[in-house]
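Worksheet: the structure to be examined is printed underneath.
Letters A, B and C mark the chains as written, and numbering starts fresh at 1 in each.
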Amino acid sequence: MSNTTVVQTRRRSISDIDLRAVAPFVALAVLFGFGAMVNPNFLGLDNLTNVVTRSAFIAIIAVGATFVISAGGLDLSVGSMSAFVAGTMILFLNSGAVSGDTGMIATAMLLALATGALCGLANGLITTLGRIEPFIVTLGTMGIFRALTIYLAEGGSIAIKSQELRAAYRPIYFSDVLGVPIPVIMILVVAALGAFILYRTRFGRHVTAVGSNEEVARYSGISVNRVRTLTYVIQGVCVAIAVLIYVPRLGAATATTGLLWELQAITAVVIGGTALRGGVGRIWGTICGALILELVGNIMVLSDLVSEYLIGAVQGSIIIIAMLIQRSLGRR
Amino acid sequence: MSEIPPPSPVDPPAAKTLLETEGISKSFGPVEVLRDIGLRLAPGEVHAIIGENGAGKSTLMKILSGHLAPSKGTLKVNGEQITFTGPVDAEERGIVLVHQEILLAPDLTVAQNIYLGRELRKGIVLDERAMAEGAYRAVLDLGADIDPATVVNRLSIAQRQLVQIARALLVPHQIVIFDEPTASLTPVETKALLKVISAIKAKNAAILYISHRLPEVKTIADRVTVLRDGNLVGTYEAADLEPMDMARLMVGRDVSKLYPERAGAKAGETVLEVENMNVPGFARNAGFSLKHGEILGFAGLIGAGRTELLEGVLGLRPAQGTVRLNGNPVHFKDARQSMQAGIVYLSEDRKGKGLLLGQNLKINLTLAGLDKFVRGILIDRKREDRALDEAIRDFDIRTGNRDLLAGQLSGGNQQKLLLAKMMLLGPKIVVIDEPTRGIDIGTKEQIYKFITGLAAEGKSVIVISSEMPELIGVCDRIIVMRNGEIAGEVSGEHMTEAEIVVLATGATKREAALVAETA
Amino acid sequence: MKSMLMGLAAFALASAATAVQAQERQVNMAVSIPAADHGWTGGVVYHAERAKKTLEARYPGLKITVKTSPDGATQANALEDLTAQGIDALVTLPHNSDELTDPIRQVKEKGVFVTVVDRALSDPTIQDLYVAGNNPELGRVAGEYIKKELGGKGDIVVIRGLPIVIDEERQKGFDEGIKGSDIKVLDRQFGNWSRDDAFKVMQDYLAKYKKIDAVWCQDDDMAVGVLEAIQQADRTDIKFVVGGAGMKEMIKRVADGDSMIPVDVLYPPAMIATAMELTAGNFYDQVPVRGSYILDATLVTKENAQEFYFPDSPF
């Protein structure tokens, strides 16, 4: 008697798993298998650490994008915003406004977070108060942030001038805690925080509601504009966090910093199972999507399968196949 | 309790049968939703199908129009046994379905919609003129005069419905299925539609007619088939059945007391006063007051500005005017403010403004009253679960699975969920817009009981409705609106359909009596 | 490069000696160049602006308009707009040879003196003057240096730019440079002339190959990412990295004797200034300038690095 009950509950819990939420992880696992087949070095600790570490920028930005997209918005400006935030941060580091390397770096970090939040706030307010499609607004700010960066760099690059400062800041990207690189820890912290906000707080619930149906949200007493604007602010802060670990890597912002990151972030979000039309947000899926994107590039370089001219085509195909897997699992 | 009349003995003779079903059953997984249905349809008859929500009407219609395949049973058209491959196949055999929802492309014109997917062409170029003429004639046949070049989103709901019917009738047809065509029509518009149906009938086509409005069924139908819980109760001559008999057959018990007894409404203190309310484009200089424990009705034609007036008062759309709550002037800027003041509004548009159809029941239930479920910054999920259990119990939400999405519930259960959602806020004033639209009679009864129960608890209720019997049945007073203004107020023995229609239309008493008769 | 510089010096002398009224002649010169989308083009914009200032000061009648465009199509539009304003000379660094040949031909047909920089047009008869760095030579010099330093034997990896003509030319030159040796190119991937992408590609190379003797990455911007990846991996097998173009940071490392960056191969963005100077000379100094000016792909070593170090340039 008790046996059958156990069996029944177990069966039920398996069929209850939302396959669509699991799909990105399945795709990731398949990709791991494929990578291991292509090149045994792929599974080396160094290689995997490298790949996960450098996926940090896109992963962290994509967590913000998950909020924006879940609420029914879109932000195309994140790539340029990264360059702009990185540029202003380095200029501040070069200004010598604060004495002492640690204090200087900490102040610059706070400044970067504030700059990111303000950039996001601008996107949010123009979208909601101006009642303009987010696609257009963020396309506009994308150009603005990019141009401002190039202007600040006077056409070249903005690099940290002081070698001591550079050396002091460098470990933020390159060192680790108990073998886990700091950027990876950042991914986990940002994603956990994002998941907490999206799934466990009132604000997160409101984000989902606004993305599902703006009118229902309004009739339920939710301030739609406030919720939307805050998602853009979150996006801005995520961009700034990504910049905090981007700057120590190469110590410079250039005209190519963050180029096309917006598309990678959106792709990661969609691969992760978040609906572009809003209403469904999957933070861990997004992280998975960012890893998939980075792994595909890595596997391509490690393998000798295709000519370097065709890598883009293979990457595109793998992304489409990942989406097809997800669709077919979702349909059951 | 009157005696249940016997099922009609005379099915049409086989030679004259257009459509015949035998032993039709349909199962979704282990659940059988339709069992052993036999039906015969003769040319030139209007055959009504009635039943509560979930009785299987929609499933049966979908089988007859080729949208679903039956699990068991046979289907004969003109004596020939058929298995439909899909709705297009059914259409080619002359069976057309007029959907309940308006399925038109809102940005295209009337003519473009009517010919969508079957455009007329001259060579490779669209023959716009022929389509405009054809569309105009098709609409004219239905007794309406609509410019075929009008863009659909500029038409009224009733006009859109006519366009949709015209589109369906454009294919050669012998059987026309109407799925609740009058659900969103005013009495006048309903009357016009019934005329159209008579016209189709006169051309010797058969009509299958699904409706919740039993008086209307009585007026138009020749025969009535009743379904209950997926079973066939029987087919009856419409002449033998009164609306109350139909209701009893549908529910399977006595429903003579659809509207609960009110224990003599006590006139309490005035809680809400509205003066000189202007909602740009919808309402002008409107004023009314609401008392403690009172049920106040708002009647009027569709487009009279009832919904918009109340939305203006509650801050859901821009409006100017004076609003006093318990004597204190207030001005609500959005729903949050009016909710905090203890007033909730349940939209007539449950699917568009009331519930998140793509989210589960729990998220919907707690959305407006989420503050009550927040501990620190966390949402207390266990308390949410408990609240859902209570709501399912208290509001009798019938769902097999708590993890369903709101969009998967029937209309009646959606309304109950919406009620539960707003009641979580503990309101003092409840505004319900079209509380029973698209809801079966059994659920209607529950909702009426609930509304009167609120008043008995000392809450004040405003009911906006296009169904006059329901306003008369539950309200203490009824305010009638016409063209954005308050046309008058009826109470006591003046609460009759005829008086309401006079105020709502500005018609003479005699004309009004005629309209009220059909409604 | 040295010979070129001397030529320029002679030129300046000649211009100083020219009659005064000739200098007051009104000449409108338009400069159409790509927007600063990476370090090198940033350098081009910088040098164009700088040359505008010095040339306008030198020739009071000369008016120079510098216009940057983010892509080929925009540049074609910009060319039309500039021509409509009435110009006597056009100095242009086209985004893309094939796409812009016809738009530039139309400018030429209006009787404008056309100077093309860096990227040759599909129809060379259009240009009056062609000023360019030497792409095949840049590859060849780098290849020969690597061949010599490794003693004709070793494993190397290559990071390419973007799949366009310049990249192909450099690639071919490089292959010629290492021809006849036992140097094995383990891998070639695109780094899109971006530091970030080069960093990733280099990380992947390091995971894939346990022994790499040298890296050729064809552009100094990418060398920054490569060096960072090597440093992170703590790999000591890589003896040196060869970049190209002459970015000031890299020149400085060469001058400082950095063992990882022993040399650099010049491909200076200042060539735009050379072109502008020569074009102005056509109008104000009676010196023939028509023809092709190919700048050397000079190998910068610790010994001559100071000559090529411009600390104020953005590149």
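Everything below uses one rule, namely that contacts are C-beta pairs under 8 Å (C-beta built on N, C-alpha and C of every residue); 3 or more make two chains touch, one makes a residue touch a chain.
Here the structure is a predicted model, which is why all the values come from computation and not from measurement.
Here the chain at the heart of the shown protein, by mean C-alpha position, is A. Between the chain pairs A-B and A-C, more C-beta pairs are in contact across A-C. Spacing of subunit B relative to subunit C, judged by their CA centroids, is 73 angstrom. Separating the centre of subunit A from that of subunit B, both taken as means of CA atoms, is a distance of 46 Å.
For this pair, subunit A with subunit C, the centres built from the Cα atoms lie 35 Å apart.
On the subunit A side of its complex with subunit C, the touching residues are 39, 41-42, 44, 46-47, 50, 54, 150, 153-157, 159, 174, 249-250, 252, 254-257, 259, 297-298, 301-302, 308-309, 311.
The touching residues of subunit B, when paired with subunit A in their complex, are 316, 334-336, 338-339, 345, 347, 349, 352-359, 363, 366-368, 370-371, 374, 377-379, 403, 421.
Chain contact summary for the complex, subunit C toward subunit A: residues 35-39, 41-43, 45-46, 160, 163, 187-190, 192-196, 199-201, 203-208, 221, 224-225, 228, 232-233, 249, 313-315. Interface residues of subunit A, counted against subunit B in their complex, comprise 16, 200-202, 205-206, 208-209, 212-213, 215-223, 279-280.
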